[in-house]
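Below, subunit A partners subunit B and then partners subunit C, in two separate complexes.
Moving on, here comes the complex of A and B:
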């Protein structure tokens, strides 16, 4: 039954439809058209964009690259973040200052930060190579070699997002119950055993949450790549979102980039769901 | 196994305690004999857990000495003391099976895997966990988890004592009963000293050979359950042990005897007692009532609670004092009815300044 009170929902519903539903449906429609810079318009070409997508090795390569990049960065972020959180958790006196300091990278605007890092990694003018030359290394082609550029992007990502892991894991550590630790002390467990048998299992749920959030964020990596390497050299640091940006907003192949976006979205949802399930099974246990 | 002795042992959470009030556990001398079951009883915040944690070594006392069989262990770590402790909430290692949980303390002590298997089999049989040894521990019920916590203490062959910190709080009433019985059985079979912390007096009384009553960081009395019931050393113990608590009545001094107007008693021997702050205490179970006669104390019924087999009567004496009677009488008792109250002379306890005279 429609009552007067339901009309008060309208503004929100209209907004929701306008900013989420309409773009999504429109993208689906566009992905079945040949809309490009020469001929803008909604014609219907069937699944031709999707066939082209399956044959586009550049797209699949970028996906593979992204998987590697996400895996490496998130793993490093998790390990470093956990280590930092453990360090600050035990020692409370100096902790506060560090907690604030650790958060600075996360709060910096991505583009500003990327510009700074691009300067740091500049081959002849940047301080990174300058410092390395003092100990007899280099010059390292940070941004002009394929592997160098990949590593640079990973370093910047880790630098920027480790604080996020740190923050979430520290919050988890602070809220852990005391009894299991007392019990472990009574059972005579060493610090290493205590970590693996008590801390790590207790932290599993929050770890999964933090890792999934970071994976979702990492799968959208774009601004760092755009500013630091523009996907180069060649396609060495090109991620799917950056590739879609090239196809859509540089080549103006609107129909094709819509198909790419949708394929990318579906793939991400499936992959992340599977990863979340696997992590749950691995860290928490089958029946949960 | 060991005799545990507290020598002037106290603990304050303040760095420089200014007076006795700053002590969570006021310095005390106490001996826990080897192989007995003890209950540490008292209201919340009375220092029970502090005492337990100082014994297990989770807390280092600020004062005094702790001796295991005469050996000073005041500053040694928990692992060296060979104490097992079970907490209020069952603690299990969630990633391990029941077997893994039980063998963990032995693995930490670098036992031979063959010996571990044998020992775990023995203990799991004792705890009746042998048919679920390979289940993941996190899937068990609360009372089974609590048995695992206990089992991790029992597998070690060098345990001096098992400390139980309100372990039955989260267990169903039905299971509580059987778990308590199991604890006693284990004590009989293994001869390991057990110290149970609780604020439930029936739990303490039914479990322990000896009950230690604490209040305000101080040990009030320790003794067998019936001693605490029949001869409480002070009014706190009288009040804390027993349900409903002991009745306290005012008394006057007349020549060489004490007179209690409420119960119409006039021949309590005075002895050397000085007048002032004298009271007598009578357990509600020790008072009996009958239909009013010409002499004897009279009281009016103000309320009557029926507890199934027992009745608890709230009564108002002729001089206005309020007290309770616990009785097995089957008859119906109306509110407002007058009853004659009597008590046997041996059941009257005299307290001066709150202490048993």
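Moving on, here comes the complex of A and C:
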């Protein structure tokens, strides 16, 4: 039974429908059409786009590449972020300055930073090879070899998003109870043992949250690849987001790119759910 | 000097156009708009000044500043001041330009009256564009446009793009090195032959290889042989077309360069293209460090900045090298793209040998403009484009490298004009001769101006990039491209593509 108070929910419901449900439903509809550069409109071609997707090796290869890239970047971000958070957790001289400094990369615009990093890695004119040459290394093919380009993208991702991990983990550390540490100190536990048996387990829930959030973000990597490598050399750094961008906005294959986007969304939801469950099981010891 | 230069421009224009517009420069002073002087022409300042578009708004979409975006903004401001019109401009980065134009077209919106875009998109945009009215096709400026660029603006016999730029790929090289006896000796010792401007791509690769990895200009920095646009999604497809053209475009075989127009079978994996790609892959050893990731901007600064001996692509690197503050100013020359002595004959399925290298000038895509069919201000829109490209504005824009406006009229191929900018006679002569001779070639190659050109070029760029990165052999990579092209043909429809491709084949086969 509708009551007047229910109408107060309408603005929120309308907003929800407009910005989430409509685009999603529209994308589903578009994915069953042949909307392309030569044919605009919502005809119905059944699941032809999805069949094509299963045969699209470039898409599946980009997914595999993204898995490796995400695993490496998020692991490095977690380890470095945790280390930095531990470093400024206790009251150290200049702690506030360090906290602000650590956050600077995260607050910069990814496209702008990618342009700057591309300049840094420029093999003829960039400072990276200049500095390395002073110690007799190089020139390193940062962006012109497959492995170099992959590593370059990883470096930029780690540089830009480690502060995010640092911020979440520092917030977690600050909110930890003091009693377990007092008990560990009374028992004479070493700092290493205190970390592994007190800090790390207590931080497990927030660690899982931070890792999942970063995995979601890492799976959408686009601007860094777009600016630094355009997915190359060859297809060495092509990620699904960049590939969908090419198919959708460069090639204007609107129907097919909608199918790619939805398939990618479903795959990400399934994969991240499984990863979250596994992390909960191994780090916290329970499934939920 | 400046007055002499202006006088020279006026004389060139009058002589070259051969048509004097009824409207001459009036007594009004138009120099306040930043030009040296108003020049005779159908849409000169005086003629446009006589128009009144007060209360009307002209919506324009164009590229980001500076390339084409800056002259658009400049001439829009002048147009608004002269006519009283309000002009709204949207500047869009190149990567977004296609979809920003296409989405309103497809959804039936009348978003923009005037559009500036890459001329090869005509295959996708043609059904949304208004034909250029006779009053403008017979204008003084238009009668001076070269036949090839009129052809680029024409679709099914009707002009639907308004020419305002001319582009082609040609070879640029360092004359100070090629003419240096010490370098000539070094080359002869290494190869046993005299150093000369490369006439084939094999020679190009050989020269580039010899002049890579040492400081041949004495500035203390290592130099390299070749700067090329090799970054996958940064116009590399055009570089590949330049390299493959002389091997795949047989002067005696018509009926399609990218496709056999009769069957719409892709020719992209035929031996001519494969040979071009193999040489492209081989050339990487002569690139500067990071050269395989060079976009157009990197190529411009590598050659224009004196790092590399040779380059080829659009005008920009040459213009950059000829800037007043360039340390290699007047040490560069222009020449036709290298050719091939072995050319694949797809009719006989054999390689044909040529004593003189086969040349296949690539009239690559450049900027073009058009008026939307849905525009309610078509007269004002065409007046704007006619004004944008009037004689005074065009000569002004040609002098500013970053504007991206390159020669497209017969009057632009006058060495005296470029010498007036401080170019040495030899440099100016080599430039205008190279460009004007391309207009005379009967074996030119044009872009694949068909619906879905973005899909075809994106697929080709990916295949070429795979070969360049060593992920696949040249043949395997192009076989993959051919498979993708066949799929695209199936999706778009062979008949639809054939009808569109006929426009390209007519140009290539010199059938008007």
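What we mean here is this: the second predicted complex is superposed on the first by the 273 of 288 C-alpha atoms of A that agree within 3 Å, B and C clash if a C-alpha of one lies under 4 Å from a C-alpha of the other, contacts with A are read in each partner's own complex, and residues count from 1 in each chain.
We take it that a residue touches a chain if its C-beta (ideal position, glycine included) is under 8 Å from a C-beta of that chain, and two chains touch if they have at least 3 such contacts.
These numbers come from a predicted model, not from an experiment.
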item	value
Subunit B versus subunit C as contact partner of A:188, first or second or both or neither	first
Which superposed partner A:141 touches (first subunit B, second subunit C, both, neither)	second
Touching partner for A:129 - first (subunit B), second (subunit C), both, neither	second
Contacts of A:180 with subunit B and subunit C, given as first, second, both or neither	first
First, second, both or neither for A:197, with subunit B first and subunit C second	first
Touching partner for A:230 - first (subunit B), second (subunit C), both, neither	second
Partner with the higher number of touched subunit A residues, subunit C or subunit B	C
Subunit B partner contacts - residues on subunit A that touch it in the complex	177, 179-180, 182-183, 185-190, 193, 197-198, 201-202, 285, 287
In the complex with subunit A, residue positions of subunit C that touch it	95-96, 98-99, 102, 106-107, 124, 231-234, 288-293, 302, 307, 451-452, 454-455, 458, 462, 465-466, 468-471, 491-493, 496
Residues of subunit A defined as touching subunit C within the complex	34, 36-38, 40, 58, 122-124, 129, 139, 141-144, 146, 149, 229-236, 246, 249-253
Subunit A partner contacts - residues on subunit B that touch it in the complex	56, 58, 78-79, 83-85, 87-89, 91, 93-96, 104-105, 108-109, 136, 138-139, 149, 152-153
